[in-house]
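Labels run A, B, C and D following the written order; every chain starts at residue 1.
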Amino acid sequence: MSGVWGKKIQYSIFGESHGAAIGITISGLPAGIKLDMEHIRKEMQRRAPGSSDLVTPRKEEDNVEILSGYFEEHTTGTPLCAIIRNKNTQSKDYSNLRYAMRPGHADYSGRMKYKGFNDFRGSGHFSGRITAGLVFAGAIAKQILKSQGIEIISHVHSIHTIKDKPFELTGISQELFDKLANSAFPVIDDTVAEEMKQCIRKAKEEQDSVGGVVECAILNVPAGVGDPFFDSIESTLAHLLFSVPAVKAVEFGRGFEISTLKGSQANDPYYIDNGTIKTSSNNNGGIIGGITNGMPIIFRCAIKPTASISQEQKTVDIIKMENTTLKVEGRHDPCIVPRVLPVIEAVSALAILDRL
Amino acid sequence: MSGVWGKKIQYSIFGESHGAAIGITISGLPAGIKLDMEHIRKEMQRRAPGSSDLVTPRKEEDNVEILSGYFEEHTTGTPLCAIIRNKNTQSKDYSNLRYAMRPGHADYSGRMKYKGFNDFRGSGHFSGRITAGLVFAGAIAKQILKSQGIEIISHVHSIHTIKDKPFELTGISQELFDKLANSAFPVIDDTVAEEMKQCIRKAKEEQDSVGGVVECAILNVPAGVGDPFFDSIESTLAHLLFSVPAVKAVEFGRGFEISTLKGSQANDPYYIDNGTIKTSSNNNGGIIGGITNGMPIIFRCAIKPTASISQEQKTVDIIKMENTTLKVEGRHDPCIVPRVLPVIEAVSALAILDRL
Amino acid sequence: MSGVWGKKIQYSIFGESHGAAIGITISGLPAGIKLDMEHIRKEMQRRAPGSSDLVTPRKEEDNVEILSGYFEEHTTGTPLCAIIRNKNTQSKDYSNLRYAMRPGHADYSGRMKYKGFNDFRGSGHFSGRITAGLVFAGAIAKQILKSQGIEIISHVHSIHTIKDKPFELTGISQELFDKLANSAFPVIDDTVAEEMKQCIRKAKEEQDSVGGVVECAILNVPAGVGDPFFDSIESTLAHLLFSVPAVKAVEFGRGFEISTLKGSQANDPYYIDNGTIKTSSNNNGGIIGGITNGMPIIFRCAIKPTASISQEQKTVDIIKMENTTLKVEGRHDPCIVPRVLPVIEAVSALAILDRL
Amino acid sequence: MSGVWGKKIQYSIFGESHGAAIGITISGLPAGIKLDMEHIRKEMQRRAPGSSDLVTPRKEEDNVEILSGYFEEHTTGTPLCAIIRNKNTQSKDYSNLRYAMRPGHADYSGRMKYKGFNDFRGSGHFSGRITAGLVFAGAIAKQILKSQGIEIISHVHSIHTIKDKPFELTGISQELFDKLANSAFPVIDDTVAEEMKQCIRKAKEEQDSVGGVVECAILNVPAGVGDPFFDSIESTLAHLLFSVPAVKAVEFGRGFEISTLKGSQANDPYYIDNGTIKTSSNNNGGIIGGITNGMPIIFRCAIKPTASISQEQKTVDIIKMENTTLKVEGRHDPCIVPRVLPVIEAVSALAILDRL
């Protein structure tokens, strides 16, 4: 009942962290798109591990092989399947996961769902690595959206308790857009970046991890996109965002804060700006009644701290059915937030493209 | 591309506030369920207007007529269509909505989507009234879930800035469950109820409105329900929750707050309790890797303040394409939160039933 | 898992022959279509009973009430639900169907599926009457297709062993189109009509029934519509055609006969006719590789003889689990073919519209 | 809008004849199935080319590599992706297909759909080779069905005008089942096999091709499977059967012939046989009202003669837009029927498994 998403275009995801390969099949892509392979490579690289001291040292090149649906540098319109071989796998690290359930990981819930048959090595199908397929598909979706003027940008809204400035809800300057697009650790307020990085390094030293919040903006979506029931823009975005491992909360526009406003404050007044209808505030994040109103779509996602930590943790031995403790060895990301930014952008692109 | 939701059971919603009728068709219901019509009536009544001074005085009985799929007091297994006739409609109230776009309402986004052909009277298909069909379907889903031991309960987590106590994430006592289930304005901390109600009445006096947060718990879902991609329990619940008008944010477990914890704090340690695997904290809200772990599923939704307020507001005249002002006459809910509780519970029931 | 069909537009069907009403909800219709209510009424009338001595005398007006999605004579773009009340129901005729399974009817297969809870009166959800909703939806689909130049026409290809001439596969003259469109019993060769009618009347006298074959042509579909896997035009049409009660076979172009041709005979040679690519034969019925080639789409469906006959038949008593006999009293169609023509055309319209 | 099929289990197909690889991803397989790799290999071999002088000499081993969803010899329950590398490709054979449209092939219809961007080499995504993925998935489906007692068998019902005996509709002996299951060219009447083979060899000599009819039986499906609307067993089977290249007609039970029977002949009388309800005839092919009645499901498909023939054929040059002639060089199957049998069985298995 799952593994496939999309109405206009369908994405079929597959793979385990330590299996032969991971990948995605995209059915329903328009024919004749000249894929920007350099753009795809850059997006893949943003998510790939090993790029800085803030992330896992596990080195993976994430080389994509396109098996079908691509001919003479263009999409053919038939299903496009792309795979990434798994190479740098250290299965020995994971041998005790057969019985000791890692807290915060899907070891137990996955075991219950799959009756113990799931590939537990490196979290298997639950590994963040599986999102590489989403980033690949998202890179293509972004390219298609960009050809229609639609762009997606995100920044590190917070790491642990350290906060960046939020987006202006009513609009994002080209200058800011470019700055964020060209940064490996994009923040609006440059003064907080180093503090955030120190926080991540400190967590690593403590054999611990930290989480954060990602804020994302989708720009230039025309008014009138989405549905009241059941495929509102919020529903569609949230559906995919909550499929990204570690996302635990999603809010649009002012989000939870809107519940503390009066109607007279929360309602976004319309006005005419050079023949275009705009709103002077954007508390609703560009979406009213599930449908876009032409203002920027802005949302935030909470990313929980990486579940993999080297500290000893309490848990259970599922075979012996007794309490035990566990130390998760291996190479972990002390903070997944920098690598999750391109995934958030990617699934946002898939969501918008499917509603357009 | 919309109007229908569900994989195991499919819900097809229809209706406009001032049309002939609203309703829902449920395809794929199991045959042989003896419907508890008194339970259905009570759930419908919780959402219906006119029940107290806190809500709109628009009186509607919301009498459901079942047209199909129901025979000799049992479901037949064939599609069950239920309709509610629209009676107490005052279309004259809405005549100026042809041109003046109400801020906070879907008048403009809907007009752009439907090219001006949508029924604008009383918000048409965007009216909260359309959720009556969801409450009907949810009442049946709740009955089915209850027969499997699964129960859903919610409370008013906040009104404007006034907060109730939150749920204990690791469990809810039967006593609390019963108290909330039998209250028209359910709160955990009884001392805040009156303050909340005063806040709502004050907003009404000021021709304004307030919002709030609803917290909901789904109890006794077994471990192993849901999917990693793309139909995680969070994805499925959020998809439906964001289809409920006025919901602007959804968070699970500790929600946004989990981003401020360290991994060593956020990970929920497993332990064995009388032969059952539990977690000693429940920061993940009963869901790990998109799949249930047997702990309570707990989430919160932000409900924005009712968009309909009687104050004069700035907006645009869409025909003349010029700035104007608008006063929305008519009978409004100063706060939609009490009436939205059964809707939140209803769609939660639909979501869980579809993944079981 | 059923009751709803369609990707671009979704059709949700409901109703039982002797319940309160039957109907259909159409989600995803474009906004702003001015419905041709006279055209809809005529299409409904073609399927309705009581129109001649060849069909059941059960009189039903099949008056459609549109409950939603229709405002100021245009579609709104929101779900359009249409219902037809059941009036002329004689439930007493069907009392023995609780235990005696009618041969050729879905009494037994339906009872097994629905565990005995289905509404058995007048065949319930299996009644041909449920197709009235399809004819309604098809009338709208035909109107949309016609606005794009696409037209659908059918004729009685055979009744029992009496055969009409088949369509020329490469094209249908306007004259023939008009003749068939304006006939209550459309045949190409006028000399066979009376013989066919006599055959039907004779079956009626003998308390028996006859079947036939319907041939249908869909004209002016542009080349390039359909998919190789899995939504070929043949797949899509056949899926809906085999949902129409009594259809037991479907063939495209030369159909089964193509298996007796050599490749050199079966391949349809292309040629250029006034700048347009055509084929000089059309053995493939306008579809190659699941995709249209611009030639007429032509297919035939076998319609089995009406299962309801007044003769005594052997069957089983499902309660006593013993052999018994049964006489099905009531008002039956001696031949369903004339009334099934508009249903075949209707579902063909839905199929093509969903792939365009 | 295509490339993916299935409700309970979803099959996502991909690949082109001369691309890097073809394959299929299966989402929703139950966890814990020990795959019978020898059975899978045998099924693949039945479809593979090069096995006899009746089929194309193109040699392909069709070695399947499973990339995901398979661990320690069992299905994991997560998406299972299987690929087959394309090796023995002679792209030079296909160079003139850029402009000369092969009659009977999807060159023109595909070009119109994909705007000229589809991979035309070896028919690309339209190649019969793509069905290898279906045979792989079908082999797994057959294994699951067999564990529930359900079996599928087929035979060559006819080649050109030479006919085998048909199945007895009411049942198939174990002896016949075993004979057909163990034959590379399965027929009921052994005396016709050699004549059929001679017919195929003669067509090959004449640089021509022949078609035929496949008859298939699905045994031991319990009564009560399927839906009246829209997922009848006939609809589901036909949907997939008409996705198999070269299938132009499908009929169930007596098929077209049922239209020449009277109701008193066509209705299958029920009787009790040792406590089991059966029908004494099976004109409806085991399906009434779209739902199984416990009798064998029997159907026939027309397979058109192979479109690829070496004779000179009339066609058009799509670039110059002028009439021309074409000789299709290369290694062709003079008759696809023997290799299509396992494909028909495979998609039948997918169809039944999805409705169970």
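Convention: contacts are C-beta pairs under 8 Å (C-beta built on N, C-alpha and C of every residue); 3 or more make two chains touch, one makes a residue touch a chain.
Computed from a prediction, not measured in an experiment: that's the story for all the values here.
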> Copies chain B, chain C: same or different interface, half of numbers shared as the threshold?
Replying inline: same
> Is the C-beta contact count larger for C-D or for A-D?
Replying inline: C-D
>> Could you work out how far the Cα centre of chain A sits from that of chain C, in whole Å?
In response: 47
> CA centre of chain A versus CA centre of chain D: separation in Å?
Replying inline: 40
> Roughly how many whole angstrom separate the Cα centroids of chain C and chain D?
Replying inline: 27
>> Please output the residue numbers of chain A that touch at least 2 other chains, ranges allowed.
In response: 1-4, 7-8, 13, 78, 113-114, 125, 228
> In the complex formed with chain B, which residues of chain A make contact?
Replying inline: 1-5, 7-8, 11, 13, 101-106, 108-114, 125-126, 130, 158, 160-161, 203, 206, 208-213, 222-232, 234-236, 238-243, 245, 247-272, 275, 277, 279-280, 283-285, 287-294, 300, 302-309, 311, 313-316, 318, 321-323, 355
>> Using the touch definition from the top, list the residues of chain D that touch chain B in their complex.
In response: 7, 78, 228
> Of all residues in chain D, which touch chain A in the complex?
Replying inline: 1-4, 8, 10, 12-16, 19-23, 25, 27-28, 31-32, 65-72, 74-81, 83, 113-119, 124-125
